[in-house]
Amino acid sequence: PQQGPLDITTEFGRLYVKPNEICVIPQGIRFSVALEGPSRGYILEVYDGHFRLPDLGPIGANGLANPRDFLTPTAHFEDRSVDGYRIVSKFQGALFVATQNHSPFDVVGWHGNYVPYKYDLARFMVINSVSFDHCDPSIFTVLTCPSNRPGTAIADFVVFPPRWSVQEHTFRPPYYHRNCMSEFMGLIFGRYEAKEGGFLPGGASLHSMMTPHGPDHRCFEGASNAELKPERIADGTQAFMFESSLSMAVTRWGEETCQKLDARYYECWQALEKHFHL
Amino acid sequence: PQQGPLDITTEFGRLYVKPNEICVIPQGIRFSVALEGPSRGYILEVYDGHFRLPDLGPIGANGLANPRDFLTPTAHFEDRSVDGYRIVSKFQGALFVATQNHSPFDVVGWHGNYVPYKYDLARFMVINSVSFDHCDPSIFTVLTCPSNRPGTAIADFVVFPPRWSVQEHTFRPPYYHRNCMSEFMGLIFGRYEAKEGGFLPGGASLHSMMTPHGPDHRCFEGASNAELKPERIADGTQAFMFESSLSMAVTRWGEETCQKLDARYYECWQALEKHFHL
Amino acid sequence: PQQGPLDITTEFGRLYVKPNEICVIPQGIRFSVALEGPSRGYILEVYDGHFRLPDLGPIGANGLANPRDFLTPTAHFEDRSVDGYRIVSKFQGALFVATQNHSPFDVVGWHGNYVPYKYDLARFMVINSVSFDHCDPSIFTVLTCPSNRPGTAIADFVVFPPRWSVQEHTFRPPYYHRNCMSEFMGLIFGRYEAKEGGFLPGGASLHSMMTPHGPDHRCFEGASNAELKPERIADGTQAFMFESSLSMAVTRWGEETCQKLDARYYECWQALEKHFHL
Amino acid sequence: PQQGPLDITTEFGRLYVKPNEICVIPQGIRFSVALEGPSRGYILEVYDGHFRLPDLGPIGANGLANPRDFLTPTAHFEDRSVDGYRIVSKFQGALFVATQNHSPFDVVGWHGNYVPYKYDLARFMVINSVSFDHCDPSIFTVLTCPSNRPGTAIADFVVFPPRWSVQEHTFRPPYYHRNCMSEFMGLIFGRYEAKEGGFLPGGASLHSMMTPHGPDHRCFEGASNAELKPERIADGTQAFMFESSLSMAVTRWGEETCQKLDARYYECWQALEKHFHL
Amino acid sequence: PQQGPLDITTEFGRLYVKPNEICVIPQGIRFSVALEGPSRGYILEVYDGHFRLPDLGPIGANGLANPRDFLTPTAHFEDRSVDGYRIVSKFQGALFVATQNHSPFDVVGWHGNYVPYKYDLARFMVINSVSFDHCDPSIFTVLTCPSNRPGTAIADFVVFPPRWSVQEHTFRPPYYHRNCMSEFMGLIFGRYEAKEGGFLPGGASLHSMMTPHGPDHRCFEGASNAELKPERIADGTQAFMFESSLSMAVTRWGEETCQKLDARYYECWQALEKHFHL
Amino acid sequence: PQQGPLDITTEFGRLYVKPNEICVIPQGIRFSVALEGPSRGYILEVYDGHFRLPDLGPIGANGLANPRDFLTPTAHFEDRSVDGYRIVSKFQGALFVATQNHSPFDVVGWHGNYVPYKYDLARFMVINSVSFDHCDPSIFTVLTCPSNRPGTAIADFVVFPPRWSVQEHTFRPPYYHRNCMSEFMGLIFGRYEAKEGGFLPGGASLHSMMTPHGPDHRCFEGASNAELKPERIADGTQAFMFESSLSMAVTRWGEETCQKLDARYYECWQALEKHFHL
């Protein structure tokens, strides 16, 4: 959720998920979502595999998202007769409806590990360079859904939380790059450093694989000339990224109907100057 | 080397190694070391496997010690007749001497990757928590010699270089712990934060596996009461650790003959107070 | 084959396959099937990978289907001129016909392990709980065709042979569940315990992934109230399952033309009663 | 424990372990054991690796020892001053004593997974052949401590609990064999089917690797001539095995001092007759 | 290139590639190709994974294509203003054009290993049987792009260079076979032994998976009756194969428009005689 | 066997093994060896793991030692009463004797794959460079007993059979080297090219790990000046190597008692000349 909490009921119990928390519901689990007012957020559906914590490598035994901060529902059930309870299932890309005369949330208890869970992004232990240079954004990975090709993800969920930025002799914002992953970014609240205009909470940007991108001109000039002392960044901000080795298509609604596409996005780089001085 | 540079000649060429640089010479390579004055340093010999860079996990494609900063010798040879050139080899724990009438460094050129190399520790890209909490020291790994048990090293070489320390709500020095590895620490120059007295450049400490240890009382009190703002630590200092899943024995010379053992080491923790207040 | 034997000729020799035997013919091998009368059976075609025995884990060195019970043809050939011998090949989903003037079964001998084979299902060593609780049906796996995702099969071939059922404090029939695999069941002979009516030899049921299912009302009541002493089950019966991580589509013929779809299948669960007593 | 419960205090909390329960304490954890009377039991110390549940292979998602039945201590601490509290540590095969003035069990809370735990052997879900033939005893594995050679264990802990025995056309007791593992058997209570005389609760047998062994003559004759109907076996009995790919030495105390060695063990097989009838 | 050199400019520098050299450009790299006259060659595009050297198995540490023979560009840049510089990108199967006012080859330097490279096929160390029998053509692999299924390649690039042929008691040309890979062959120069007529430099043959094929009648008779002494083969010839576990479709241009399809290809096998003599 | 055949009886049946055949008997199997006259040979005992065929890498599906050429005994038994039949077992480095009153070879039949086998070295399909350069001797591997460190063998069994040698621009005999393996060579019959004098059938040489070695002076001069045309080598010769990542000790008998040590071995290299010409 980016705006308004979600009151989620599942067969395994209930999850109350507020903005800056995320919720993962595994495939095949019945759930319903109740709202308390206007609501908006981001959804990512993966069609293969499951999300898990990344292997930490030399980060060692703890760091990034810690297992103990993922919360699962406690047992909860309702024994409720309902005339024409409708259950909507997605199967092979189509929606099917079944009707029954009782609540599906009549599951008394459970054990196992195939359960919905939530996580508060504020609990993410941010790790980064404390000397110089720029880490690969994978260092911000919260959860990864690995593909069958080792080292390649169907989807990574990555966050850019409040943190200290202390690298010396370094251009600190995201660098200019193109790569083999699709990058879908969203903003839960605050202002994203690499593009302050036009990227608002609830909005999104998509940089498809091998498409070059990087910070806007204003950010480039600022970061290139800033004195590099310790600096808090992203305080009051929560940006995130869905990164995938697959290509993400934009629906007709997203591309046309909604009239929200920023046709002048490319202009944020137009003012960048050539720096060859022969 | 901790004091004085090493002028190393190998069959693959020459390496000039100064303090704060490290040098790795693989098994079976002929070498000789020339000195320019008083010399002192630390040696680690592994009897199985080879050192390599650690897998980086979510750190991604770059970080810690970068491959491009490891330097190998360029080709060099000498065609020199020597009466009674002595070559000392270590084989199955014993030293053998062979005598020949020419320099062994008559190797004209080479290709391959089984070569000696050196690395300047100042080039290590230090990564650490930029939010809160304490990373496992494995995050400081320069090189690892993995054992056959996945996740366990015959030896890790770990450094604690100058860096920013910015974690909030955190006890920033090394925590109190015991673990399954033997920890041999040395100091190349400067002062090590967790034990300022008694741990001098050229000295060493050994905490064997499952032996509890941690910072001295002075460090504990200081860090427990400090205001947690961004702070440069270890400037002008280079401490390191040889960490092994094997137990390291101390020789009779080290334990007795040299008269350098700090018999009062344990006293650095004696002043630590109980904090139970019922 | 479910009814009538198959007299199969392949380039590697001949296989005479009777009901309760299965036959696997690898991709790309020429074969022809001769019948002795009315014939009916089940076919499963996999488009990637090959069937193999499952790893046995703690079951140890022997159990389930044993390697020695798989029979391959002995060498056999025919030197036969045939006017217009037609060979039908399936390539990229289409059928192609080639005509030649001699039998393709003119292969004199062979060695290797890429061969057709057959297996008598009566030789399956059934393993199951001999204390309490219900094993995952994977414990009945005869052959598995693994996918690239470890732990997930393109197809498992699973049988439910005659065996002892001795679990105490346990609901012994298949439990109610939904899961990530498609389950296609067939019956070679006899009566399947979890649905005695409507599921006949030569028939089939399909429970697609994440679709809840379980035993019918009659079976549920019976098993819930039975005295749990040792009991032979499935004597004279051979049910099996093709289980796949992929979704299986039903052809128009299967869904409509054949007029064999059991439109009232769901009714077998209608009599199940609510057991909440507050 | 085989006789009398153990009241174990560890840094992670307390474990009350009764006969037919097992307790695992990982390396390096401080613990003390209080007794309530005469006490006897079996201890297995592994010098490498850790115990874990075996991979289940086709047994599937549940079976044998289920994760949910392993119990860890809840947090517990004592703030207790003790004059001369002695802590005994084992390091590189020798015992060391340290003295301190307070209880080491002053650990207030914990999280993580490197903890002591206990397990009630009665919760083991026994799986075995329900058709014919004899499963490898690995099917009784509770916990395994894998070695670096895949498929080979430093130690397996295996139990033979009360269960149904229903195999037809089969010699049901353990078969005669020799193999690459050392087998140390013990008996917690009851009578072990394959050797009723001489193998008493609290006793033990050791069959070293590649040493042939099997049931005694009485068991062989009985099982060879018994009618093979469903039969409860091992009711009121709990035998177990420590199985290792390493060789286990017997101490001088065990071999001589205790005067408990059964010098006539081999006689249990002397009465076995030749069955060649030409 | 099969005819005429390629003068390739990339963001990483320049590569001058002559016939009998190959060039690999990774996904997402900008490049342009300049010609010096008539030019013709073969292109293989893989949509997943990257090419790498095959694991060598018992071939050991060196052999086939050696790492040191792969050449990468040295740094090169141009600071050039261009009115309407067009960059063509392929994305999800469609071509897109972007226009800019400067050369994209303004990259001053680089480090890393994701770079274009070239390789001279004459440097391939050919390994083969020096006793008897016929090796699998995989022994000629230059580069492989592995798929997610171990042992199966998205594409192998295989060459048949000049070499000695010395096998005794062996039919030396490629044998008759069908297999699970698609085989696309091309000829850079010279004459291919297994089909001298109709397979010319710049031409190609495609044998789709599971389609039987082998040498033509002339080659079969010649090799079946030849005296088997050491013989140079393929001198002055360079044939190659793209081998893939995927099926390769032929475009309408290739199949019809170009009028180059050899409709009588099958006739090269028609003269093969039956060798059954009863 | 190097001289005289071995008539081996095992629990699995009989193996008649002649010189140029090898025999492998797995750990723990009872066997006896009968001779027909003077007998001599080489024995290698491995204390961990088992021999298997090497993975073939790009050599593909066939080559080197082919599985079909390994022969196992057919079932054989003897029902023979023997007074005081002595069985000698090796256990933890010591020999133990058991006495019984019947032949241990009373095993009627068997199935499985843990069996003794033999292999005729003349069936080895020799593969090597057919262009230029020198292959790693691993390309001659018949069987390997892998260690737990991937890529490193407890023991490789390697042969140098009759074959064609055709490499151009290459020094064809073994090159001068030192490496991480111990090399024990033996000669079954014929003359070994790299050292014709002093290395006789039934003899052996040992080059321990990291000890430099290579062909003698005569071989060096000959091969350096020979015209490089196709040449049969090793006809009428069968040399082999036991190569191990472990160090092999020589017994006192081998080093002193037997008086067979060639104290002047090093002289074979003395005549090698310096080739620096400045």
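As written, the chains take the letters A, B, C, D, E and F, and residue 1 is the first residue of each chain.
Throughout what follows, contacts are C-beta pairs under 8 Å (C-beta built on N, C-alpha and C of every residue); 3 or more make two chains touch, one makes a residue touch a chain.
Going by UniProt, the chains are A, B, C, D, E, F = Homogentisate 1,2-dioxygenase.
These figures come from a predicted structure and were not determined experimentally.
Asks: Among all the other chains, which ones are in touch with both subunit C (Homogentisate 1,2-dioxygenase) and subunit F (Homogentisate 1,2-dioxygenase)?
Replies: D, E
Asks: Under the over-half criterion for shared residue numbers, do copies subunit B (Homogentisate 1,2-dioxygenase) and subunit D (Homogentisate 1,2-dioxygenase) use the same patch or different patches to meet?
Replies: different
Asks: Can you check which chain pair, C-D or A-E, has more C-beta pairs in contact?
Replies: Per the contact counts, C-D leads.
Asks: Which chain has its C-alpha centre farthest away from the C-alpha centre of subunit E (Homogentisate 1,2-dioxygenase)?
Replies: Farthest by centroid: D.
Asks: Centre to centre, using CA atoms, which chain is the farthest one from subunit B (Homogentisate 1,2-dioxygenase)?
Replies: C
Asks: Quick one: report the Å distance separating subunit A (Homogentisate 1,2-dioxygenase) from subunit D (Homogentisate 1,2-dioxygenase), using the average Cα coordinate of each chain.
Replies: 48
Asks: Using CA atom averages as chain centres, what separation in Å is found between subunit C (Homogentisate 1,2-dioxygenase) and subunit E (Homogentisate 1,2-dioxygenase)?
Replies: 42
Asks: Distance from the CA centroid of subunit E (Homogentisate 1,2-dioxygenase) to that of subunit F (Homogentisate 1,2-dioxygenase), rounded to the nearest Å?
Replies: The computed centroid separation for subunit E (Homogentisate 1,2-dioxygenase) versus subunit F (Homogentisate 1,2-dioxygenase) comes out at 39 Å.
Asks: Which residue numbers or ranges of subunit F (Homogentisate 1,2-dioxygenase) touch two or more of the other chains?
Replies: Residues 148 of subunit F (Homogentisate 1,2-dioxygenase) each touch two or more of the other chains.
Asks: Enumerate the contact residues on subunit E (Homogentisate 1,2-dioxygenase) facing subunit F (Homogentisate 1,2-dioxygenase) in the complex.
Replies: 54-64, 124-141, 161-166, 229-230
Asks: Which part of subunit C (Homogentisate 1,2-dioxygenase) faces subunit E (Homogentisate 1,2-dioxygenase) closely enough to touch in the complex?
Replies: The contact residues of subunit C (Homogentisate 1,2-dioxygenase) facing subunit E (Homogentisate 1,2-dioxygenase) are 27-28, 48-49, 79, 89, 91-92, 102, 106, 148.
Asks: If you look only at subunit E (Homogentisate 1,2-dioxygenase), which of its residues touch subunit C (Homogentisate 1,2-dioxygenase) in the complex?
Replies: The contact residues of subunit E (Homogentisate 1,2-dioxygenase) facing subunit C (Homogentisate 1,2-dioxygenase) are 148-149, 178-180, 208-211, 247, 274, 276, 278.
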